[in-house]
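What follows is a group of structures, each given as structure tokens.
After this come two complexes, each holding subunit A, first together with subunit B and then together with subunit C.
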Partner chain A sequence: MTLSRRNVLKIGGAAAALPLLGQKAFSQTEPLKVGFIYIGTINDNGWNYAHNQGRLYMEQELGDAVESVFVENVAEGPDCERVMRELVQAGCKLIFATSFGYGDYVIKIAQQFPDVKFEHATGYQRSENVATYNARFYEGRAVCGTLAGHLSKTGKAGYIGSFPIPEVVMGVNAFVLAARKVNPDFTITPVYISTWNDPAREADAARAMIDQGIDVIAQHTDGPAALQVAEERGIVGGFGQGADMSAFAPKAQLTSIIDNWGPHYAATAKAVIDGTWESKDSWPGLKEGEVVIGDYNESIPDDVVAAAEAVKNGQIDGSMHIFTGPINDHTGAEKVAAGVTLTDADLLSMDWYVEGVIPPA
Partner chain B sequence: MTIGLLIAVTMTLIVASTPILIAALGELVVERAGVLNLGVEGMMLIGAVTGFITMFTTGNPWLAVLVAAIAGLLSSLIFGFLTLSLSANQTATGLALTIFGTGFSALAGQSYSAMPVSLFRSVFPAELTTHPYLRVLFGYSPLVYFSLIMVVVVWWFLKRTRGGLILRAVGENDLSAHSIGYPVRAIRYGAIAFGGAMAGIAGACFPLLLTPQWAEGMTAGRGWIAVALVVFASWRPFRLLAGAYLFGLVMTMELYAKAGGGPLTAIPSELWAAMPYLATIAVLVLISIRRDASTNAPACLGKPFLPSN
Partner chain C sequence: MPFRLEKRPAPSRLMLYATPFGALALTMIAGALVFSLIGYDGLAAVQQIFITPLTSTFRWQDLAVKASPLIIIGVGLAVAYRANVWNIGAEGQYIVGGLTGTWVALATHGMTGIWILPAMVLAGMAGGMAYAAIPAFFKTRFNVNEILTSLMLTYASVQLVYYVVRGPWKDPMGMGFPQTRVFSEAARLPNMIPGTIVHWGVPVALLVALVVWFVMSRSVFGYRIKVVGAAPKAARYAGFSTNATIWLALLVSGGLAGLAGVLEVAGPFQRMVPGFPTNYGFTAIIVAFLARLHPIGVIFAAIVLAVTFVGGDLAQTTTGLPSAASGIFQAMLLFFLLAGDILVRYRVRRVSSQPAAGVRAAAEAQP
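Entry: the complex of A and B
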């Protein structure tokens, strides 16, 4: 072929069309790009670790159909908006924002990118392309509370929390409601340390509790620090939060509440690929396997394990709900009448303590 | 409050204050030499991660403290080279060192997050460390006694030795010290290295003394408290000891009050959290009212040393 003008045009035209062709052929198998933002690092053995395990599960389940990226240590503030914008610009069509404080920014950025789907963990604000998801951790707390009611010698538990948000208050309440079904005099003292990640402070909070007669410690913060103090001091025990922490406290970890986000992430990504995604709030729990109770410590007597399993199975088959009345608030006044169960909306805005909680100032 | 509880509170507060005290003692010497190193938080994290890794691999706490001190020292020499040899801005370089230390420690500790170590325990016999009363004297890790000994050593060095006098002279008027023949840069290098080693040991206190694990950013801002304490103490070692324990007392009492449910729970947690800083402001106001030279900052603090010849 001689290099005439016509031929050059032909070849040039074909060459110019090639990428188009490729793109078309490619678009059928182009993977869905999914972005994740984490408030801490994936090595925290708790909250962020669990979300990252969920991401890996999603990749494994969906194979070549998805591709994922994640950003760690994204602060709850204006900076998370920048990070999400960059993820969108990098081609993400689905973004999981995995901390409560991202909420306002998710709503804001979702308006600017209507073709991108956003999923906000533990949030309450939804829009056209923003869905929320959470797990019913309080169901796991009820199982832990049952163990505490049976095993505690002093009848006093402590609860290390970060901030008194509904998610945490709900956990405190579920724990003590379950414990008081076993021991009607059981009390729980929540201590808020105003941070999600300061292990030395968690450890000091645990010391302050143990020195004042508390022998079971539950926590809503992410690390194993409090459990390690429980192990060191030889109290009845505590619970792994987010993941199994028995490596840190083989004697003190009574059981653990394991966050299992994988199935939700895989199902959501699949829905986006299939075009069936819609904005909704999903809040699965023990039944769906999104909240898992870990192994029970070998030292726990069989009848106590059976009692805990009964509470677990009751919540799985729906025969039991920990927030079914009669429930009194911490002053002793009736808050929920007998036979009435709190709705999800009640739970998600919970700002009062049940009887048995020694409320903080 | 019973005696037993009083002892428990005292012990928790002393242990909680120890890393802050050690880091602040190092920074005090650095500032007395006329250098402001804001990299304390970063050096502490480097000390924490290297101390943890050493403890995890060897199980020897003494070695872990030594390695943390060396790591802190080496990281402080980066700061020294930039600010002394290259006359870079001390504030900016110190902040950069903190950012570097945060990132470096996260990287180095990446594969160590799910691993427990054991604490650096008291070396006294068990009859003393578990005795209901005597444990308040004997129940601590060697790191706690180290911090108290260093208060005396630093005080003695600055106040009673020729070397301390020269170091203070360099901090008060570097050009004069230079003109009468003292090696200003070398002395400041020495001070910075000491500050780095102390920050490294302070960092090692986190996995060895407070919570036997590695967690990213586990110093959680205590390096900044150490820097603030030096000002609070108006650059004097014994005031620093008092200040560190006062900080520790407030932080510890908050937790005991919340967990114990006594009358102190009526104080809202926001006020508890603000208290150390309110105390710092109060002390700064007092210092500025008194205006007596001995309470003021070293005259050359934070200024680059630029001799004309």
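Entry: the complex of A and C
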């Protein structure tokens, strides 16, 4: 039996199924059991893959102190409530719910099990034992937008989103704000496909937008489908989202925004073990290394890479914030005055587009 | 081909009722084999998926909640399929039922009164019926295949959900998130047993199955549905209108799917979200067939399918089985059931390569 992920899980799972066998006999202190629920499969090479990598990192960092289990393809509805309850019954004391739509149910289930800690990714509702966490993806979007501004020939980008929620809207806005600093005529067209993961629909949306003249594509969905279309059609390119996707689009992937959840998962599990966990919202970004910019494509000229790096480093050292005014909304009216920077609260409720976004019908 | 299917004059009643159990057994055996061959612990997988969900009382509530929409939709489909009306779009009728119920909940937001829930239920049933009326109209007026129309309308209804939660019904306090506001207390289905998640939809589902069973076996309506389905020509001689039966079959199955939808949105969901469509309407097709289109059988078939859903999630955490496993087991179940049906209704005859000679030989063999 090789020590593959599956087998590690199998052993962990077997132990999970038999909590009565007295794990205390084998180890001094009982390991903290951590449960993860994913909206898609860990093989999506994007969002869920990145969370699972984070889980594995946590296991590696904390060794015997933790064990973890995960459940894939958990729908955003009453099903996730049941799955979380199962995880609690199986002995999990810390549960990471890694999709936005789990929110209501996390709050509900957390009331029933006050001694279990819950962490909800990208959510906004907290309680005594529910914390929220997210990453400042928009910082990465600003880097991608800079590349797009320099490289696009048509000055038009497409953006495949799931739902027009603030999380996604702020990514669209950050992208086009950065691109327009380079090319003031740059425009972006968001398309919402109402799901986090549907490769066929993502690819269709990408094709349709390419036919309409975009030559750069970005996506806020879970997989590499749009990038694959970009590769196939030979447009300027696109960006890996969640993880490096260059294996699927070696030419088309200009760079990638890598979600590095591992340190957060390890630190959170450690805090629960040490008894120092508390309910809060954590929203780190490039500076803390939770958002990482992947390798730049070799085809990108050095001066463009340098421009992208400058935007990245500016956000790391705090000298630059992409949402600093003057910012106009998509109708051209001034929304943010010169020198003013939007607060986190403004960002987390963002429901308007900046200039350069062609809003979907 | 040296084999041929020959219709049996009368399928054995015993076999007819034994095949669902046989299919279940074969599914478990084949599943254990397949998953063992690709490197999992096949026996543990079968145990996790089919047995473990039944072993603890706290999981029974999950089964009950998961099975009740399947029962309500499945009973309606059983009626329609009895009449040879192939409503494949119960998912769409379920969704529209949920939407019309949501409409009442939002229109009465902040009000109190025990009339709100019944009004929602009526609206949900009416919505499901109205949505099923579209295929009924096209079928009876233009002879358009109801399989196609009802199926395609499902996709339209999903888009309708996306539209309303983003636009007109978006939660004003929801920071732009695409969902309606949480229903007020009076529009939520109360829990039947405090401390559990078992809501009043569960007894309603059982009641629906009993009532439909009674109607189908004791009333002229039930008789008529069965005759039209089993012997359309005889039905015409008897003066039963085929068109009226098509309308009835679709309205009953659509209305029940709508009922399931409104109970689901008022119970477990308590608000409309983009994740509302969860394929209950499609799973209920397997339920109806597994139940032999019998309303009481539907109760048990729905529990079997609910077990595979709950068990599928369990098997992921305990044996590391991929999430597709429960879908594979459900598909095998339907496959073995339909295959078994063929063998119950037809017999396999060996024929020689020259059919004429074969027929003669067979004729001579008859005493």
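For this structure, a couple of remarks:
Following the convention adopted for this analysis, the second predicted complex is superposed on the first by the 333 of 361 C-alpha atoms of A that agree within 3 Å, B and C clash if a C-alpha of one lies under 4 Å from a C-alpha of the other, contacts with A are read in each partner's own complex, and residues count from 1 in each chain.
Methods note: a residue touches a chain if its C-beta (ideal position, glycine included) is under 8 Å from a C-beta of that chain, and two chains touch if they have at least 3 such contacts.
Computed from a predicted structure; not experimentally measured.
With the two structures aligned on subunit A, subunit B clashes with subunit C. In the superposition on chain A, contact of A:Gln89 is made with subunit C only, not with subunit B. By the touch criterion defined above, A:Glu76 reaches subunit C but does not reach subunit B. In the superposition on chain A, A:Pro166 makes contact with subunit C only, not with subunit B. When the two complexes are overlaid on their common chain A, residue A:Pro224 makes contact with subunit B while staying clear of subunit C. Once the two complexes are laid over each other on the shared chain, residue contacts for A:Ser194 go to subunit B and to subunit C alike. Once chain A of one complex is fitted onto chain A of the other, the partner contacts of A:Asp211 are limited to subunit B, with no touch recorded for subunit C. Look at A:Pro114: by the touch rule set out above, it reaches neither subunit B nor subunit C.
By the document's definition of touching, neither partner reaches A:Pro184: not subunit B, not subunit C.
Annotation: subunit B segment clashing with subunit C after superposition, chosen from 61-69, 97-105 or 169-177, is 97-105.
Residues 41, 194 of subunit A contact both subunit B in one complex and subunit C in the other.
Within the complex formed with subunit B, the residues of subunit A that make contact are 40-41, 43-45, 158, 189, 191-195, 197-205, 207-209, 211-212, 214, 223-225, 228-229, 232, 247-248, 358, 360-361. On the subunit C side of its complex with subunit A, the touching residues are 39, 41, 58, 62, 65-66, 162, 166, 175-178, 182, 197, 268-271, 273-276, 278, 309-310, 313-314, 316-320, 322-324. Residues of subunit B touching subunit A in their complex: 5, 8-9, 12, 16, 106, 109-110, 113-116, 119, 206, 210-213, 215-220, 222, 251-252, 255-256, 258-261, 265-269, 273. Considering their complex, residues 6, 9-10, 13-14, 16-17, 35, 41, 69-79, 81-83, 85-87, 89-90, 100-101, 104, 124, 163-166, 169, 194, 348-351 of subunit A touch subunit C.
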